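Letters A, B and C name the chains as they come in the text, with residue numbers starting at 1 for each one.
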Amino acid sequence: MKENNMQKQEALTYKHRGQGAEIWRRFRKSKTAMLGLFMLLVLVFLAIFADVLTPYDATKSDAANRMLQPSAEHLFGTDELGRDIFTRIAMGTRISLTVGLVSVTISAVGGIILGSIAGYYGGKVDTIIMRFVDIWMAIPSLLLNITIVAVLGVGLENVMIAIGISNIPGYCRTIRASIMSIKGSEYIEAAKASGASDARIILSHIIPNSLAPLIVQATLRMGASILICASMSFMGLGVVPPTPEWGAMLSTGRSFLRDHPHLCTFPGGAIMYTVLAMNLLGDGIRDALDPKLKN
Amino acid sequence: MKSTHKRRLISLALAVLMLVGVLSGCGSTSTSTGASSAAPSEESSSASNNAPAQAASVPAQEGEVVDTQKDTITMTVDREPASLDPAVYVSTYNAHDQIYEGLVTYDLDGNIVPLLAESYEQVDDITWVFKLRKDVYFHNGEHMTSADVLYTFTRAMKFPQAANMLSNLDPDSFEATDEYTFTFKTKQPYAFTLNNLCELYLMIVNEKAIQNAGSDEAFGRNPVGTGPYKFVSWVAADSITLERFDDYWGEPAKVKNVVFKYIIEPTTRTIDLESGGSDIDWVVANEDYERVANGENTTVLKYSIAATRYFPLNVTKEPLNDIRVRQALQYATDAETIWQVVFGPEVADYSTSFIAPGIGGHAEGLSQYEYNPEKAKELLAEAGYPNGLDIEFLQLSNAVEDMIVTLLKEQWAAAGVNLIISPIDSAGINSRLNEGSFFVSSLQQKTQPIDAGFIMWKLFHSSNRGSTNRSYVADPELDAILDEICITMDREKRDELAIQAQARVNDLAVVINLCHLHALNGLNKNLRGYEASGYRRPLLKNCYFVVG
Amino acid sequence: MFKYILRRILLMIPVMLFVIVIVFTLMYFTPGDPVDTILAGSDATAQTREALREELGLNGTYLERLGRYIGGLLHGDLGLDYNSRMPVIDIIKVAFPSTLKIAGAAIAFATILGIAIGIWAAVNQYTFADTFATILALLGNSMPVFWLALLLMLQFSIRLRWLPATGLDGWKGLIMPAFCTSVSSLAAIARMTRSSMLEVIRSDYITTARAKGVREANVITEHALGNAMIPVVTTIGIQFGNLLGGAVLTETVFAIPGMGTMIVSAIKARNIPVVQGGVLVCALSLCVLNLVIDLLYGFIDPRIKSQYK
């Protein structure tokens, strides 16, 4: 009796307080996840304190001090117009994090809506939506990005919108595939039998269980968005000068790659670091959220 | 693996045999290394006002041995022509230069000399008579006569871009007076008639070849000309291959094959040159100048091509219609800093003259607006802008323009001018420029032919607003000088008029000069006989390799 | 099943139609005149421009131009390049095989290595092997491709002289472009394999299989792998689809005339027929790819197969 009570209590506390703590515990267990979190926190720190970290201005040129190698005065050296690269990288953190978040949000929201409806209802609804998605995906994403930016105009906001829109199909397909696998399973049958509405089933059962692949996709995408933004800058469709966006810095630096590689190393490294952080973090979250691991 | 070794040994043996043969028997090759090092660069850049564009060549040395093994010259270019039909406007012509020839051509110093014509005569103000060479054959075996010249001229006038440039020729006057004589008239006395004949549009083509091709488009992909190289193949977006034409009327080309490779990325072109994948890089990136110039196997040729970078100020837009505002912008600009930082002294230089140094018509000591932000502020206040003003800048989105506009923005800010950057891609910018819907922009002019008078006419005559007159200037005094240029046959007199025109342009302050850029050709160190100048692009028939 | 395939193939037609309309509309509303790009640098007058516009069929309403294009399509005519007047189909005939070669090599490499890494990491979760494999796969993915391409070219073409810097001649010319193109796909496939395997490994029937005493290796290969593969196949499909669009940056650096460069330079020059033709070909190949992927789903998971009616 006493044991039963204790178990019941444990079960109750588990249900109320334990979920969050349990997830965090599992997250902490993974070294890579913690590494990713730490890396991301460094980025957030840089983004917040970018303008007070150094005495230099990210956008003001200084012709006398061009292309200096990294030193005590200039941690990352200076670029082709004499600006301190470390300052620019730090200011660029704000831009990159924004690009990642905004574009992924646009894609994910769109993808989830479309994918859940298609996967859950199946039949004609599925066919129509998936054909629409097929068309979407059939157009090469870079082409779509470039054309949307050409129509809307050069600039960072439009690049974010373009990236967001062109990535919706990927999310849609993933969700739909997961849902189709789950749909036939027993507890969904049970939920239906017990009279739960379609919307409720989608929201409380299907989406949480499809969450893991979605999160993996989202974090991978956030890094990819930053890379795509860099590609757009490479083609002159990204930011307006002298904005310190990493991709633009990499693009300008590539002309000097052989004699002054530090112009590319640091923005390239920053992009790699950020994408890596997002990915490690995403993996960690996915592992921690795993619903199968009840004990 | 083994077979590669074997092959290497055999080719080595052959090479040795050939070397022996060359050294002993075919003695002429070693002497011609001396003769063909014609105009070495130093001599032609004299200091006089009429100094021609610097010619450049790789000097041959004593005791060098011709490399008879290497049978292909590979040149990398940054652009692919739309067509190899000479009557079609294209922006890149290296392949055309080897395949086609015209009645006359430029020499390295910009003088016009006969080519397919044996001689010519200007009979009166508007009439020209050309006597043709009798020994010229086309790549398809046909013999060239005046019928071909007549056909070429008439055909060219059917292409709108060609007809526009050749608008001073009178098509009704084209006449093949006898088998080797061609006559034509211009509509009025026109100073640049012979220059027109040097244009690609009037490179002589053969009627039969075009008929055989079936259509103009097909001919454009299967060209037939009279030049030292004939067309072999064209892989779209990749390469164009040519081969020596053995029945060429002049001295046949030295190296059998020529390949033009199309590579957009400048760094890749440089790497290709360094790794031996190519022998000539037509456009070396500014940043790679040092590296290619000092490279183990490479060198750079630098010469003036009268390319001027400038900022046009659109006088039809307020407040740029006020000369004081324009002058203020001139005073607010520190061109020296910009071109030193963006291009560097190896690659660019500056003058107060719109025409580059080394070209006839370049003006020394023209009046100038020195960098003076305080003066700029004064002028702006006078013009009614005591608190400064905003100006929109139409910027082509690429790395070089980014740097230029960033520096310019900072400079103008010091004079109270807020430069608002309006970025646009390459397709969009031309429409805006042609419509005149912009205030200020950053442009590079590279006009053909390189004649000071012609350039000034193109850039500043009121009739060219909406095409090449980017500042939309319409000044009667300037127009009068430019009109006079067009009827002045004597080149020296034209150059003097061009100087007057430049002085007037400076007074009107309609453009801000930034700098002059040089052409940079990267070469394999073992290449000989390569000569180019702003007036005449290289003829690969004279090129050959020596053993390194 | 056969009816399903047939239906899907027939459905491709309206899809293609929609793609054409969307691309045409996008290009129609993109500012910038193709004529100005073609004539840039020449001294063309307004009349010349107008004449050229007329010749290229740029005048006319939206519907007129769209109708003309679709009409041409029905005759198998993809139009002519605005600049060179070369038939678009001929341009594509050169560009598509290059892209296919690179994409094929890249996806093959990425799939084999990616799945292997993913399984290895999943099976050894939380150990050093997992961390190492994960970070390694990710590093390649995080690196900007053109930077990687330039660095590779510097190392292998200049310093070591092992591989040609440009072009796709032979297998040597394929290595660097294919590798650059494969790294992002590699990471995606590895990660999806890993996460999918992890999910499946913890599922009930795996626990049951283990409880029944099935050998671990068999548990992985026979029971886990099949179910884990579905999201992985999705990922492979998506990645291959991306690659078929042409890897513009890699192609630019290695000077390979593939679909990516063709379409992007056409957009920049507003060379509409080339854009439309290129996208059409990409769209068609993607539709075929999607069908193959969906069929693979059915092959792997019988539950899905039953839904294909």
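Criterion: a residue touches a chain if its C-beta (ideal position, glycine included) is under 8 Å from a C-beta of that chain, and two chains touch if they have at least 3 such contacts.
Everything numeric here is computed off the predicted structure, so don't read it as measured data.
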Which one of the chains is farthest from chain B, going by Cα centres? A
Which chain would you call central, comparing Cα centres to the global Cα centre? C
Nearest whole angstrom, what separates the Cα centre of chain A from the Cα centre of chain B? 48
In whole angstrom, what separates the CA-based centres of chain B and chain C? 39
Distance between chain centroids, defined by C-alpha means - chain A, chain C (Å): 21
Using the touch rule from the top of the page, what residues of chain A touch 2 or more other chains? 150, 254, 257-258
On chain C, where are the residues touching two or more other chains? 31-32, 150, 154, 268
For chain B, write out the residues touching at least two other chains, lowest number first. 267, 425, 427-428
Within their complex, chain C touches chain A through residues 11, 14-15, 18-19, 22-23, 26-27, 29-32, 125-126, 130-131, 134-135, 138-139, 141-147, 150, 154, 184, 187-188, 191-192, 194-196, 198-199, 202-203, 227, 230-231, 234, 238, 241-242, 244-246, 248-249, 259-260, 263-264, 267-268, 275, 279, 282-284, 286-287, 290, 297, 301, 303-304, 307
Contacts from chain A onto chain B in the complex sit at residues 59-61, 63, 66, 80-81, 150, 154-155, 236-237, 240-242, 248, 251-252, 254-259
Can you tell me which positions in chain A touch chain C when the two form their complex? 29-32, 122, 127, 131, 134-135, 137-143, 146-148, 150-151, 170, 173-174, 177-178, 180-181, 184, 212-213, 216, 220, 223-224, 227, 230-231, 234-235, 247, 250, 254, 257-258, 264, 268, 271-276, 279-280, 283, 286-287, 290, 292-293
Give the list of chain C residues in touch with chain B in this complex. 31-34, 36-49, 51-52, 80, 83-86, 90-91, 94-95, 150, 153-154, 157-158, 161, 164-167, 252-255, 257, 261-262, 268-270
Per the contact definition, I'd like the list of chain B residues that touch chain C in the complex. 82-83, 89, 91, 160-161, 164-165, 217, 220-221, 235-238, 261-265, 267-268, 271-272, 274-275, 277, 425-428, 430-431, 434, 446, 458, 464, 466-468
